[in-house]
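So, here come the structures, one by one.
Both of the next two complexes hold chain A, though its partner changes from chain B to chain C.
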Partner chain A sequence: MFLIALLLVGYPLFELIRSALAGPLGPSGAWHTISTRPVAMALLHTIEVSAAATALATLLGVAMALLIARSDLPYRRWFAGAWVAPLIIPAYVIGLAWLDAYTQAGLTDQVIHLSAGWIIGPVGVALLLGLQGAPLAYLLVLAALSSGRIGELEDAARIAGRAPARVLWEITLPLVKTAIFGSMLLVFVSSASDFGIPAILAIPASYSTVTTLIYSDLSFAGGSHAIASASSLSAVLGLLAIILLFTSNRVSRTSSSMERAAGHAGSARPLIAFGRYRKLAVSGCLFILVLTTVIPLIALYITSVSPAFRLELAPSHWVASAYISALSGSNISALGRSALISAVAAAIVATGGAVFALWNRRSTRLASLSSTLLSLPFALPGSVVAIAILLAWQRWLYGSLLIILIAYVARFAVIGIRTSAVTMGGLSDDLVHAARASGASARRASRDVIWPVLVPGIVTSFAIVFLLGIHELTMSSLLYGPSTQTFAVAVLASEEAGQTALTASLAMVVTVITALVAGVALFARSSRKIVAAEAGIEVPPWQE
Partner chain B sequence: MCTMTRIQNNQIRSIRPKIGVVASALMTLAGVAVASGATASSNVHTIKNAITADTALTGSITVDAALTTQGGAGFANAFKLIYPNIKVTMVTAGTGSLETQLSAQQQTGHIEADVVLFADPTDMDTIAAKGILGSWKPSLKGRRVPANYSGKDWVGAFTFETVMVEHPGMANPPQKWSDLTSTALKGQLAIGSASYSGTTFGWAAELRTLYGWKYFQTLKANGVRVEQSTTTTGTDVASGKVLVGVTLDSVARSLEAQHANISVVWPKDGTVPCPATVGITKGTANTTAAKAFVTWLVSRQGQIEAAKLGYDAAYFGATPAYPMPKHEKQLNVNWNRITKFQTSILSDFSGIFG
Partner chain C sequence: MGPQPQAPDTCAVELRNVSIGYHGHAILRDIDLAIEPGELVAIVGPSGSGKSSLLRALGGFLDPSSGSLLIDGELVADGQYSVAPEHRRVGFVFQQYALWPHMSVRENVSYPWRTRGVGEMERNRLADELLDQVGLKGLENRSPGSLSGGQQQRVALARGLAGDPKLLLLDEPLSSVDAARRDELQSLISDVVRARHLTTLITTHDQREATALADRIVVLGDGAIAQCASPLELHDNPANGFVARFMGALNVFDIEIVEFRDGRLVARLSHDFGEIIARTSRCDFEERAILVARPEAIRLTSVDGGDQEGIIIRSVLNDGRSEVRIVTSSGVELRAFESGMPTRVAGERVGLVLENCSVLKGE
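== the complex of A and B ==
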């Protein structure tokens, strides 16, 4: 296991650092690369948009969490799910959809003669990264609001006569501040690492970010210094991510005992009461959802079925030719390739994670080191992982499906490990001993005791990794070869080639696939809960 | 004099080949050709050509082509009519992207492409210098070979002309390259990326010579939209996202064939001609088939197909439908000089546009 961790992560990261510091340019060359104007500008731009996105995501995320956990907003359960929807849709699809909806000649321009050219550029990038990051902040703050004794303190303050607004300001928010800070760091890192949105909205505005610069260095620059330059940039981005995530972990560890303590799920009385304005509040929430997700997806669909270059609003004129192209020839091959790599990576990660969890039960130092190594790629930006894998394996595997598969497995390995680790937490050694004491063979004890505990974790890991694999653009765009284009790369290539309707139809196909996979996963979860409830079994928290 | 050409679809005619069986096959191809803007004008009527299929030659080749998907498919389909037993896989992308992939493949010791078809001579010289190209070149005997159409390991196949397309009905349409810096076009102009697109590189290099980098800095200040390919700049205008785009004559013909609402502007200060260059890779395992493709491309038949697909053929006088008007000015590009300064030009372009 340790050897696998070394080959998957240790060796590529070593090659990355070696290339950045000891490449043809040497350490001073690496510094020179980083300090050149284009690189310095890309770094500055990345910090700029990530900071703005973090501010927006935090505001929205905290507001969403408070509305769900501390308000009397109707249909809260429905909104709780709807607000996480952007996580299911790939970032580059959201970018394309916004272009089709709100820019010149887009849907709103055609219908109400209103367009927002600023979407192409830093403001649009920051806005969409913020909207993508908001669900992350929302989930973290919601967890903090739901898991502590904060509700009891709020109730006490209310009984003592404090106004709801003061309770919110003086008790609730200070008690979840570490969760808010942690989510801010997470959103900042995920925004700085994102490639899909800058690729669609920043490149046309000549506004380079670190990830777009790495992409153009490796994809178009060609020269011998391209890989050295990309390595230096990756090392900087990786270092930035590690520092921020380390800080985030430290913050989480020092979080208040209130946030960590178990308690009832929030205040009995809502702190935010809309009263007779409840319908207005629902309308406001719906308006935001429609504006940020529904209209862009409608515009994307209309673009995909419009016959010529302009959006055709009359359904009688819609055609399916772009979908025929999207689902034939090289595109269907790319879809098959994506499904294959994602499924194989998901199977390896899910089963490997279970095996690793079994091995890790002994808690050896080697197992702990392996676990730490395998967790690193998920924390690092996709571009950094891709460059590291490229440097380590390109000599033998450049342009092959295997190099993409290795990257997927390395990056998503932690999902299998963590999920199975939590699953194994529910397995007591006593159960295995009891089975053996009752006369079961080792194989029978494994089949009847260990296997049933592991299976749900394996299924969950498989679904998550498959979904992430189908989404994946950042690593694939740097690792694909002429005959190994993935579906996400096909979308990007089609966009770069100016095939508007085809791009939209490819984006719709990938959205439908991810929605279906997510839907099946949700349905499976609900079914398990229903079956468990009927059987009187408590559903473990990791399956919630 | 500057001319805005609006191509009328009723003017579209197709070439009439002689041989019956092949004629019907070519008629089928014509459908593909029209769909991709590929039409031949009546001025190719003098080119009469007998086409016979060669079933003896077999094999499989991969062509790295800096063309649109439709353009690549058009050439592959036409070639397969002559060599039905040679499988052709077209890998289409920008010249910069293909060159980078070829360089990376060279490091692994296995180059997938058998034939390379780039959109400019500079990158062809670069990969020739890296030893990616084989030393074989097809014979151009009997053809009038234009200047810059023959390099060390490659030959020119056809020509891209960099032109402008605009949204019809503009109040003050641009007539020359210098008009593009007008503030009236703020946020309404799209250009390609010199790193990705070979023809855009040639255009940028030539305009830098004419107007200096200040020209591009002004474009940037005016909020120019920098797309990757010249196809995208054309579709940006066709879809109304911007009013003016710097694109290729072949892209404009393709858009016209699809009834896009655009006008072609042949700039008064001159179009920027860019030779499409072709060669075979060193050590290709499919040498015979690769040579057959390149030989066919520069042959009379290949040149007719190029014209039908909307490209300005280099030889035999084959011209596309609605060719560049004779009286329009064409800039005389010094490719040797541009090749010499390729790295610094790309670096300066990236410095301005990121």
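== the complex of A and C ==
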């Protein structure tokens, strides 16, 4: 197991660091690369848009969490789910949908003659990254708000005579500030690592970020110089991500003792009472959802069924030709390829995670080291992982499906491990002891007691990894070869070729697949009695 | 059902010189214990005294570092050799129930028969019969998670009884059950194991539970057996101050004996100020000792009528009798029981006679 962790993660990261420091250019060369004008600009741009996105995501996320946990907003339960739904749609699909909805000749331009050309460029990138980050911040802040005895503390302040608004300001927010800070770091890292949104919205505006620069270095420049430059860039990005995530970990650890303290959830009396403005509040929330998600998806759909190069509003003129080419030729084989490697990677990750969890039961130092190693690629930006894998394995596997599969397994391994570890956590030694005392041999006890408990976790991680694999753009776009285009890469290629209808229909296909898999997974989960994997992974994957 | 009564010379459980260690740290040292067939034995002791380890060693989840463990006259473990848990034929009831979440109540209870190759029809019938006996008829198809804590522990009890075990081990079975259900479960355990003449070991940190349930109580302290006796014997003749305190004695004092004559003992408290006068039939010690004064044997008299004088601090209702807290004129605090309602008033002056006290070896 440790050997696998070493081959999958340790060796590639070692190669990355070696190439960054001791490549053809040497350490001074690495510094030289970073300080050149295009690279410095890209770094600056990345920090710029990530900071703006973080601010927006935090504001939105905290507001959403307060609305769900502390207000009398009607249909709160429904909204609680609706806020996070966009998380399962790939970022580049959202980007494409916004293009179709709000840019010139887009849906709103056609219907009410309003368009927002600035969506292409830094403002749009920051806005969409912020909207993508908001659910992350929302989930973390919501968890902090609903745990511990914060509710009780708020009640105490109200008894002491404080008005709700001041209780929010003086009690609630200070108590969840560590969660807010932690989510800010997380959103920043996920924004800086994102490739899908800049690929759609920044590249056309010639606005470069670190991830798009890595992509263009590798895709268009080529040669050892480009690889060295890309690896120095990814080393910097990786370092940034690790430092921020480490800080966020430390922050949440110091706060955990307080936030995990057991207590009542507090009174049912909401701090934010809309009273007779409840309908207005609901309309406001609905408006935001419609504006950010519903209209773009509708625009995406209309684009996908319109004849090429023209948005057609009348259903009688809609055509399916884009779908026909989306589901034929090279596109369908890209879809098949994506489905195949995603399924294989998901199967490896899910069963491997379970085996790993079993091995980890007797927690040894080697096991915990392996688990740390295997969780690194998920925390690191996809581009960094892809470059590392490329440096390590390109000699033998360049341009093959296998190298993409290795990247997927390395990046998503932690999902299988954590899901199984959570399921295993619910499995006390006594359950096994009870089986042994009942006359079951060690082997039989694991078959009758351990495996059945692990199965829901295996199914869950399979579904999650499969979806992430179908969505995967960042790593595939750096690793694909002439005959190994994945589906997301096909979408990007068609966008770059300016085929709007085809792009939209490809994006619709991936959205429908996502909805189907998520629906089946939800159904399977709710139909099962054991939801041991409920906690799953605490941090939802950032967008590919 | 249940094992046939054994020949009287075979013990149901025997521990010979058993030591249990964990990471080189001894939990139990040189334990000798023999349990007769059909006996219900409670193992009590403060937390960390090794009572769970003792039970786990019998179940086969923890191997003794030395000594031998015998179940039904058969060696199941010594320092080197150990029979696997599944071959020991014991029932085990865990503190946190340990019911398998993916199996129904019936599947949980029938599992011990399933591992022993009993057909589905037959084992379901046996399981349903057991579930009926523990008062869970009608819940056979439910999932364990949907039951209350008390019900879950009943399922765990039924599973412990399933598969005709030679020995039933219960590890603090009542400590995660809420107080209201505890009495019911306590009598249920007592009823079902006695009806089967099933040898049973139960651990608890609650001496009252042990007293109510057991034929014999083993008090563990400091990695060794402090005393092993019937509940009555433990109450009347605790071996030392630790046992007396653990068994819930209220007035236990470290004393230095001043004088003992004609059943009247005059003593000074060792760690505190104050003098105490007690009546006892025996005092085998010269200097340091431990005095146990039973609350029910403290007689309250008129002010001049006692061996010493005291002032009532307060009296409260406790289990249908009146518990009186008194401080003697030399500053010793005592608790006494009187029948009837608490009628004593704080500040009232009384005389005190401490009858029938025990004097134990000092620590």
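Just so we're on the same page, the second predicted complex is superposed on the first by the 520 of 544 C-alpha atoms of A that agree within 3 Å, B and C clash if a C-alpha of one lies under 4 Å from a C-alpha of the other, contacts with A are read in each partner's own complex, and residues count from 1 in each chain.
In the analysis below, contacts are C-beta pairs under 8 Å (C-beta built on N, C-alpha and C of every residue); 3 or more make two chains touch, one makes a residue touch a chain.
Given the structure is predicted, the values throughout are model-derived calculations rather than measurements.
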| item | value |
| --- | --- |
| A:496 touches, of chain B and chain C: first, second, both or neither? | first |
| Partner chain in contact with A:433 - chain B first, chain C second, else both or neither | second |
| Which of chain B and chain C A:103 touches, first, second, both or neither | first |
| First (chain B), second (chain C), both or neither touched by A:37 | first |
| Which superposed partner A:395 touches (first chain B, second chain C, both, neither) | first |
| Partner chain(s) touched by A:441 [first = chain B, second = chain C, both, neither] | second |
| Partner chain in contact with A:120 - chain B first, chain C second, else both or neither | first |
| More chain A residues in contact - chain B or chain C | B |
| First, second, both or neither for A:453, with chain B first and chain C second | second |
| Intersection of the chain A residues that touch chain B with those that touch chain C | none |
| Chain C partner contacts - residues on chain A that touch it in the complex | 426, 428-431, 433-442, 444-445, 448-449, 452-453, 529-530, 532 |
| Chain A - residues contacting chain B, complex | 37-38, 41-42, 103-105, 117, 120, 203-208, 212-213, 216, 218-223, 226, 308-310, 394-399, 481-483, 493, 495-500 |
| Interfacial residue positions of chain C with respect to chain A in the complex | 59-61, 84-92, 94, 96, 98-103, 111-112, 115-116, 143, 145, 156, 159-160, 162-163 |
| Residues of chain B defined as touching chain A within the complex | 62, 64, 68-69, 89, 91-94, 96-97, 99-101, 103-105, 107-108, 112-113, 123, 126, 187, 190, 193, 195-196, 220, 223-229, 231-236, 238-242, 255, 258-261, 343, 346, 350-354 |
